[in-house]
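Labels run A, B, C and D following the written order; every chain starts at residue 1.
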Amino acid sequence: MSRASLSDKQKKSVDNTGFSPNSAAEGRRLVNRDGSTNLRKMGLPFYERISIYHSLLRMSRVTFILTVFAIYTSLNILFASIYFFLGADSLAGSQSATSVLERYLQAFFFSSQTLTTVGYGHISPVGFVTNVVASIESFIGIMSFALVTGIFYARFSRPQAYIRFSHNVLIAPYKRGKALMFRLATYKNNHLTNAEAEVTAAVHLTENGKTQTKFYQLTLEMNKINSMAISWTIVHPLDDNSPFSGFTDQDFFEGKLELMVSIRAFDDHFSNTVQQRTSYTQQEMIFGARFLPMYERSENGQYTHVMLNKINDYEVVNFDA
Amino acid sequence: MSRASLSDKQKKSVDNTGFSPNSAAEGRRLVNRDGSTNLRKMGLPFYERISIYHSLLRMSRVTFILTVFAIYTSLNILFASIYFFLGADSLAGSQSATSVLERYLQAFFFSSQTLTTVGYGHISPVGFVTNVVASIESFIGIMSFALVTGIFYARFSRPQAYIRFSHNVLIAPYKRGKALMFRLATYKNNHLTNAEAEVTAAVHLTENGKTQTKFYQLTLEMNKINSMAISWTIVHPLDDNSPFSGFTDQDFFEGKLELMVSIRAFDDHFSNTVQQRTSYTQQEMIFGARFLPMYERSENGQYTHVMLNKINDYEVVNFDA
Amino acid sequence: MSRASLSDKQKKSVDNTGFSPNSAAEGRRLVNRDGSTNLRKMGLPFYERISIYHSLLRMSRVTFILTVFAIYTSLNILFASIYFFLGADSLAGSQSATSVLERYLQAFFFSSQTLTTVGYGHISPVGFVTNVVASIESFIGIMSFALVTGIFYARFSRPQAYIRFSHNVLIAPYKRGKALMFRLATYKNNHLTNAEAEVTAAVHLTENGKTQTKFYQLTLEMNKINSMAISWTIVHPLDDNSPFSGFTDQDFFEGKLELMVSIRAFDDHFSNTVQQRTSYTQQEMIFGARFLPMYERSENGQYTHVMLNKINDYEVVNFDA
Amino acid sequence: MSRASLSDKQKKSVDNTGFSPNSAAEGRRLVNRDGSTNLRKMGLPFYERISIYHSLLRMSRVTFILTVFAIYTSLNILFASIYFFLGADSLAGSQSATSVLERYLQAFFFSSQTLTTVGYGHISPVGFVTNVVASIESFIGIMSFALVTGIFYARFSRPQAYIRFSHNVLIAPYKRGKALMFRLATYKNNHLTNAEAEVTAAVHLTENGKTQTKFYQLTLEMNKINSMAISWTIVHPLDDNSPFSGFTDQDFFEGKLELMVSIRAFDDHFSNTVQQRTSYTQQEMIFGARFLPMYERSENGQYTHVMLNKINDYEVVNFDA
């Protein structure tokens, strides 16, 4: 990158990003496209570094259901083993069980009937110890399902922005000059209002073999929007105030830079503030292109259709003359 | 519309509304009276475009209960069929069932007793496969009801503003001139404080057969109110700063315009921010009218009655002289 | 009241309180001490004016539990009656019931065992109709308890400020003049930070037999406090900027005025904004008094004790000379 | 402490901290390291001073589970005693019980089967009174578990900042002078953005044997940070504007002072505002030390490792010359 162009202009970099000037690793981005960071927390035992709650909420739907089912099965196996080792007399109605396997299975089914509190009663606990174990198991069952109820609720009530970003950042014609542009839209039946955007550029400069990172808050043509109805094209004019002013195709391509994007808005329906983050590196930038419209009138003219599959549609433009 | 009056004055239009200058369809409003928009999201598979959670929360109470009951019945039918195909010996206590229908019904009732975990036990599962199925069914039952518990809670804890708007916007006398006025009140036993109003006018101008939309942020006499105790009349003075200054009855009637209204407030009881939106088109405007009071003293003088059925009551006024 | 003193000074009244200048009823306050208003919403059918959710959350703990128990009993009676009218053969295990009363009671107990899904099974449903009814009843049982779970959670998770206000407003010596003072403290094991106070005075003026109300935002010595640790004395100096400057004991006593108080803060533990309101009328004002300290060192010097029973303790002072 | 240095400079102290100038007890801090205060609320009956909800949420995980289990057992004992005193005929299936102890145990197990709604049915209630009691017990069981479900959810969904603070405040070299420094980092898999810091110094001055406390809002080099990615070193420059400017090692050591720290941020994942507080006294300050870096590149260069065990690592520096 023509490093000179940056330092010459003495652009004012910022240092309140929370990232360190030395945080750039070889070729890795600071913020991933899904908004997560490439930081790992170390130096504490695992259970202290992990918020079980955060983990349970972040896992995918399928992983979550499998996890719950695995815990359910484990508890069943644990208690089935206890009933089994308490002997053949501990469960009434299981006398018909002749083999060891059959006895174990009946213990297992009794356990599952106890854990879920379905309690048919065709198998029932006999004796003090078995009754105490069953009493504890049904208590554990109810407690577990209380927990699961809460986590289920937490999972689907978690405020989410459901924003889709264009895959590329375009360097497009803008007024008499150029501008960096990317766009975004909500892709679900949610509606965001009072949306705010913040874009920070991280520029990695290598000097004497040591990589330093400088951060710049980018000026946006519009950093607030009343309603995210159709789509929102975020525009950073490449004027004199931009840290990238005068950059050529080559400068962008050779440089190592990253745009860290944060969108914050108010979910109209749930009255919640939601936030979503992403980032773009120079490899996702296209020099000389402009976005094509992504909405159209419905055939009967009644509705405006927002075409989410066209969010990255662009056409190439030339910057000569 | 006397388009000239708008362009002449070079009123400053805004472009951060999230709607496009080309978004006006034939005769349709941008925002419906219930606050929803006439946008449709396309270009993604259905399941990606839909947040099940948003949908479950938006459906009416009756639809929701019927949906849950339908799922409950479907699950019952599914599991009943499994028990049925496992044969007559799979369920103890069902020997009395002689016909195929009777056998199916007993499988159905056993299923429902398992799904709800009521488990009377007069019908009970026999054999490995049946027991495993019953164990899974009771697990599914508990999981489903955990989900339903969460959705129930989410539905009735959803922050709502419960605001009723007057049906019409009146062009009424105001000080020495005129003003656009509409009013609103909370209609339930909720109490809102620190309410804020924002009104954006969308004016559709047709030039050379092509319709363009311009947006204007309207100045309000008072855009914040401490407490929404009685009712709130929102007033936009038609003075020189208004994009509609000098408009006549005819101008409003012939024009195609829309007022997009957004109210945001703090729910005193739940400590939540709530928001409600609506819109008015020129067809809901009345030129030359003023609102009548909508509250009165109770007979014993102890209370102030807010008469919600009078929220749109107005009297006609003349603007001559 | 020496009305002159108010109008002479041309204090700037405000009109964004949400209350009407005509809203004062005979002798009633606008805002009650518990923060509610004396407004009644009319003109809509009952079920439209009521948010069941708000009602269920506002009722006292005892009323709420009795309501839930009453609904539980009503459902039991309803379904017991259905089982009873389905005949003696509809419930197996109830043959021992000989009298009509005994049959009804067994139907009742079967119903309760179904509704709570306890389902012992010593009474069990027989026949198609009974089984369908039992299946529906257990479904309703689970749905109801899902609802109750949500409401329980909503009730005790509702953000509450738990602020206790002094019973009186004192007109106390302050610097070289006087000031209106009242104080407040949190009385539970909650901790509030960033607390903000807002005090609006409503002054009812009677002219030609017609009562008009004027509203004034009172200037406070400190309207924001970092942490509500001990107690907070809110002070409105009666200086030239006060609408009450120059008021005598007599003026306060004869006047009809009301201080509407709103406190908003951040609950440290739940990360919620909480709000509490109250009001004082002239009858709760004491001319010439000052608050006594309400905290003391514990005997071992380890703790500071906040004595909540002393929140209204004051001593009389003279204003002569 | 060289009290003069403070009063000489006439630093502007603040009085909106919520703490009283007289609140300093002998040697105790105002705010503990875990953010709690050394205040005790008195003068009200216990049940009025306690928010059960706050208490249930603050107790440790183990205490909470033991509390719930204790309540479960107590309810069981209570109802078991009732069934026991209703006589041997009140429970069918318990005839096999011969001794008094065996009868009590069976009553106990029946009670637990009713409370958890597992209801096997091998023991079942007989007679009007027993049935009514069982009906009430299963109702109480469901209500209790509804409550527990809610509290479980509230406990793990409670917004928490999970911030770890350095153990010490360092007086470190800063530009051409010195600065107070401490640092903090999130230690779990949560991510905070838009973090804000507020530091208030409490200085206890003893004059004529009476201790007075003065409060100062400390100016921070940076009191807001975009993203709390790695760690955040909070810096208060000891320049002319600092209440501690010119303080020597001795001044800090002899003085009685306390830094009250409050961090507020936005949890990226849950869209919640979270807050955490701590404090430092002069005994936790180190004169002449500077923090060592606490992050490093992973071996493969792919990740940045935040070493939480190094959060307090510092090296000694000399301030001579």
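Quick note on the criterion: contacts are C-beta pairs under 8 Å (C-beta built on N, C-alpha and C of every residue); 3 or more make two chains touch, one makes a residue touch a chain.
Predicted, not measured: the structure shown is a model, and the values here were computed from it.
Enquirer: Could you name all chains that are in contact with chain A and with chain C at the same time?
Expert: Shared contacts of chain A and chain C: B, D.
Enquirer: Quote the value, from 0 to 180 degrees and to the nearest 5, of the angle by which the CA atoms of chain C must be rotated to coincide with those of chain D.
Expert: 90
Enquirer: Please name the chain that ends up farthest from chain A once chain centres are defined by their CA atoms averaged.
Expert: With centres defined by C-alpha atoms, farthest from chain A sits C.
Enquirer: Measuring from the mean C-alpha position of chain B to the mean C-alpha position of chain C, what distance in angstrom results?
Expert: The answer is 28 Å.
Enquirer: On chain A, where are the residues touching two or more other chains?
Expert: Residue numbers touching two or more other chains: 113, 117-121, 149-150, 153.
Enquirer: Mind pulling up the chain B residues that touch chain A in the complex?
Expert: My answer: residues 15-20, 23, 25-26, 28, 30, 35-44, 48-55, 57-58, 92, 113-114, 117-121, 124-125, 128, 131, 134-135, 138-139, 141-143, 146-147, 149-151, 153-154, 158-159, 198, 200, 262, 272-275, 277.
Enquirer: Provide the residue numbers of chain B that touch chain D in the complex, in ascending order.
Expert: So the residues of chain B in touch with chain D come to 117, 119-121, 149.
Enquirer: Once bound in the complex, which stretches of chain C touch chain D?
Expert: Going by the criterion above, the answer is residues 65, 68-69, 72, 76, 105, 109, 112-113, 116-122, 145, 148-150, 152-153, 156-157, 160, 162, 186-191, 193, 195, 222, 224-230, 232, 266, 268-271, 295, 297-298, 301-310.
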